[in-house]
Amino acid sequence: MQKMKSFLKSWEFFLVLLLAAMCLAFKITDASRIASGAQKKEIFYFANVLRSMRPYFLYSFMTLGMMLILAMGDIDISVGAIGTLSVVTLGVTYNRLAGGAENGSPAALATALLACLLVGALCGALNGFLVTRFKELFPMIITLATQLFFRGFSYLLIGGETLTFKDPTFKSLSNLNQLLKVGGLQVPISIPIYFVLAVVFYFWLHRTGNGRKIFAIGTNAAATYYSGVRVDTIKFWCFVIAGFMSAVTGIFFVGNSSSSVKADIMDGYHMYAIAAAVLGGFSTNGGKGSVVGATISLVVFGVVKFGLGTLYGFPDSAVNMSVGVILILSVLVPNIIEDIQNARKVARRRAETAAANAAAGH
Amino acid sequence: MQTKKERKPIYSILIEHREIPLLAVLALLLILVSIRVPGYLGKSWLNVLKNGSINMVMCCGMLCVLLIGSIDISITAILAFAGAVAGKLMSTGAIQSTFVMFLLGIAIGAVVGLINGVLMSYGRVISLIVTLSTSYIVRALIPMDWLLGMNKINPTQLTQGFKDSLINHSFLGLPFLVWLAVLVVVATGVFLKYTRTGRNLYAVGSNAEAAQMRGVHINRIRLLAHTICGATAGLAGIMWLAFYAAIEKGSALGDEMFTIAACVLGGVAVTGGYGKISGVVIGALMIAFIDSAIPQMGIGNSMITEFIKGILLLVAILLNVILQRIAEKQDLARRNI
Amino acid sequence: MPGSEYILEMKGITKIFPGVKALDNVHFNLKAGEIHALVGENGAGKSTFIKTLTGVHQPDGGEIILNGETVVMTDPITAQERGIAAIYQHAASYPDLSVAENIFIGHEFKIGPFIDWPRMNREAKKLLDSIEANLSPTASVGSLTVGQQQLVEIAKALSMDAKILIMDEPTASLSQREAEDLYAIARRLRDQGVGIILISHRFEDIFGLADRVTVFRDAQYIGTWNLDEVDQPMLVHHMVGREITQLFPKKETQVGEELLKLEHLSRTGFYRDINMTVRAGEIVGVTGLVGAGRTEVMESVFGVTKPDSGKIYFRGEEVHDQTPTQMMARGLGMLPENRQKEGLLLQWSINHNISLSVLKDCQKGIFIQRGKEYELSNKMKKLLAIKAPDTDTHTGALSGGNQQKVVVAKQLAAEPKLIILDEPTKGVDVGSKAAIYEIMSDLAGQGLGILMISSELPEVINMSDRIYVMSEGKVTKEFTETKGLDQDTILAAAMPQKK
């Protein structure tokens, strides 16, 4: 009973409601769309929504990394640039190893992939090092600076060129973006991979001692430090993992972008990662949020995109706009509710005091 | 108490004037570039000023926001939006006057800034989230059918007078574009240094609780700072439109980072309460200078500019911290314990 | 009408906060040209009382009569306009702004709409000279010492031409010399007809300066006396409300092996050449003025900061490059001074707070076992008699004393051999104080070593087996015998040497 009550009050429940309401709204209007002769893929079927999730689950991996950072009360705006640099490294390494051959060896691709992931982790390590060693500076400023640095590095490596890969070995990366056929449904491959990782992250953040410590750091880093927790070590590794997840996102991204690599390929992606995590209940103040919430938010954004974009034909920008509105409301509404509750409490206390004073007066 | 006046040691000067190391770095860079590209200063200083003007204007607004311990990353979205709206109105012939264009830009920016401010102060939403969201929203308005649609504003859609206003008119050898930036810088400087409201911005950022105990309406001050920031971004939008004679939905995308970077380089504390207009001017000039000088130095392609900008920014902010630490250590040693 | 001799009368003031009655029908009055001390224990309601006078809080009952006229202090500006100025213990200044600006903020000199900086700096200099403070008006306040910041606050009060000046623990962080300067200024202002309300826990302040004294205890008014009618023991009795001997249940214990030994420990700018030892079963008190470097030494022992030189031996082993994690594993616990900032995660439950330092013991593999967690926290809650409905209660909702018990519980959960308590009874009510002393005695009885930092001399004298006194970063005196020790002897060692 108690558990049920706290679930009904939880943010995740609110997100589920939001998702359900949106699905319902899109579903209801299906009839008129069918009547006006819409194509099958433009109808709010589960299969269609699922298939359309592909682009949103591309940066789901980055969102997982961002969750760690936000849970600690920090922010990392360099994740997009890290993704770009990792991908550029992937392209450049592969180019070098394949040596312009018609078809590079799988070993070359494997090496390039390793280099890509390594660079992602190293970039994260640089962030982690600076954040823990230069505590006078906000992580936002540090990662702003490293963002420009990583971006500059990408430009240094390939300049303004676009590396396009035509050979089958490299092309095999696009397998990552194929649709799996599961009982008549087409599932983007990134979704099951994300869910496996999300389960790992869920148990890590919400069930292990280490995860508890991450939230403790976000709640009160000083008190956590005095409790004997290795705050700096945990912070460092969280930044490393965030960098690594950016590289993972980058690999999926290359597969999606017709196997070409550019130095601004993932600019601005940190914003999507932050938006999904914040809607999921994480806060830049730290100490809150859940993997479940963030996962639901990814789905919410996917449904919004499918509904507004595919069903109603709104341009991408309109979808982005709705993301912005949802984001603001998701923080504003709880604040307003809290204000109202506080005002009620104060009024009640005043009344009690007045009654007590009156009683004392008699 | 002692009567002898103590001579200030160098490190305490460094603590109080955080822009001094930056000025030194800027001077060093100037010398290096001048050696490498003879006659660089003579021919390019005007370009530096011109290229830096738009960022400089936005820096003034950003300074106000940073002073209260807040941030605004929606400025370039506001820039593009204000430019697009005004440009559209001029292309349809609704506005002919250059002056009205500027007023409109400022007004549009101020309104978006006001919304940011309300959400941030009264709504208690963290400013990063607010301005991230408004930047999505505002930029998404540009490609709407009633605004630009899939098009962009072209030079042919603007009046000649408007296009000429900032570049082809000059005074004392400087184009109006630069004078406009100077005007905004001076106005911001005077506002921050010589008016009570301006000082309250510092007070709120330095110790909000104390300001509240003194009866300052801190939410109004926060609102004001964001409104000013929005207004400068709107003004920058019109400057952009006049300077490049074009605007589209992706204009200045991501450039807000350079505005923030200029302020941080100029010694502005992102925690609020500390920051001088002089430092911000130097920071903005430095970024404009790197933009203009590095391509001319003939070291690799133009893309290396990005790389060097990134490195310089990183080194500059870290150097600042290290210098402060050394100064503090010296200060501790002086306590003689 | 007897009221006419008072410039300020406050009658029946009541203020209620969620869950606490901070002020319960208290009275106070003030004459022009007197220094009236307001004393009471932490949590007695002094600060709240001052805040109702300065308009920060609005009282839920009672009236404020200023110069014979009933007034309502709606906000701080109204209070300022009526000539009430306050100097707070933690200076409410703007560290980034200049001295002159801190003095005149809110009523700057202007030419038209613009601030007249040259005039403001000149006037600030004049004011500072008038209180013999040799400060540059353009220096930033953040770069000044606490004592200098207090002088700035006084200049600010003077600039407002205050008729009533509130000094809230003004000497708490000052050296003897700075405190004397402050006394002189206070007397001069009194002679000029200013009514001064002095809040202090230092008896030398009260007996040396004040004309009358009012005592609050547990949010209630106890009484007002002329200073020549009362002596120190009487005043203490009124403040505490019971015989003070009850408070300190110190037991004789068996002193065992040496647990901690510091040799020539130094950290530039904070402390120098510290030698200390603590043995099992011993309670060692470390006292001195605020800023003497006591907390800084303990932070280095616990591994929060690194000493520049010297050696730390813990249980016979020399420790290098210590961190809190490492020191806790070795059996050292620390209760930090600021329990809200460093001791507790206020948004978290008692349960989660207690288990945070010993998560390893509550885990099976890498996963947390909730059952074990609750078992531990319920055991601790019972052991330390933490008053809360259950261990799921947020620590932010607890009283100061119970919060402190949770921090102690957190340390005890790790089963330390030696525990450092930094100001363990700061902001704790009398009842909980006694409970904390009892816990300390019991722990020492079980053979734990206790190192207690405290500014409250009665507790230092009555709870400690040995006392170290620190001043200006050095240990100035060690008392191996605490029986019959009086406060003045300790204070003499704690005061900075005049140069």
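Going by the order they are written in, the chains are A, B and C; count residues from 1 in each one.
One rule holds in what follows: a residue touches a chain if its C-beta (ideal position, glycine included) is under 8 Å from a C-beta of that chain, and two chains touch if they have at least 3 such contacts.
In this text the structure is predicted, and so the values were computed from the model without any measurement.
> Chain touch graph shape: choose line, ring, star, complete or other and state it.
complete
> Looking only at C-beta pair counts, which chain-chain interface has the most contacts?
A-B
> Roughly how many whole angstrom separate the Cα centroids of chain B and chain C?
Chain centroid spacing, chain B to chain C, equals 43 Å.
> Rounded to a whole Å, what is the gap between the Cα centroids of chain A and chain B?
29
> Which part of chain C faces chain B closely enough to touch in the complex?
54, 56, 75-77, 80, 92-97, 101, 105-106, 108, 110, 113-115, 117, 132-134, 140, 143, 181, 268-272, 293, 472-474
> Can you list the residues on chain A that touch chain C in the complex?
Per the touch definition, chain A meets chain C at residues 203, 207-210, 212-213, 216, 219-220, 222-230, 287, 345, 349-350, 352-354, 357.
> Please give the residue numbers of chain A that touch chain B in the complex, ascending.
Touching chain B from chain A are residues 75, 130, 134, 136-138, 140-142, 144-153, 155-156, 159-160, 263, 267-268, 271, 274-275, 278, 283-285, 315, 317-321, 323-325, 327-328, 331-332, 335-336.
> Which residues of chain B touch chain A in the complex?
Listed in rising order, the residues are 71, 119, 123-126, 128-130, 132-137, 139-144, 249, 253-254, 257, 260-261, 264, 270-271, 300-304, 306-311, 313-314, 317-318, 321, 324-325.
> Going by the contact rule at the top, pick out the chain C residues touching chain A in the complex.
Within the complex, chain C touches chain A at residues 14, 16, 18, 60-61, 302, 304, 323-325, 327-329, 334, 336, 341-348, 352, 356-357, 359-360, 362-363, 366-368, 410, 414.
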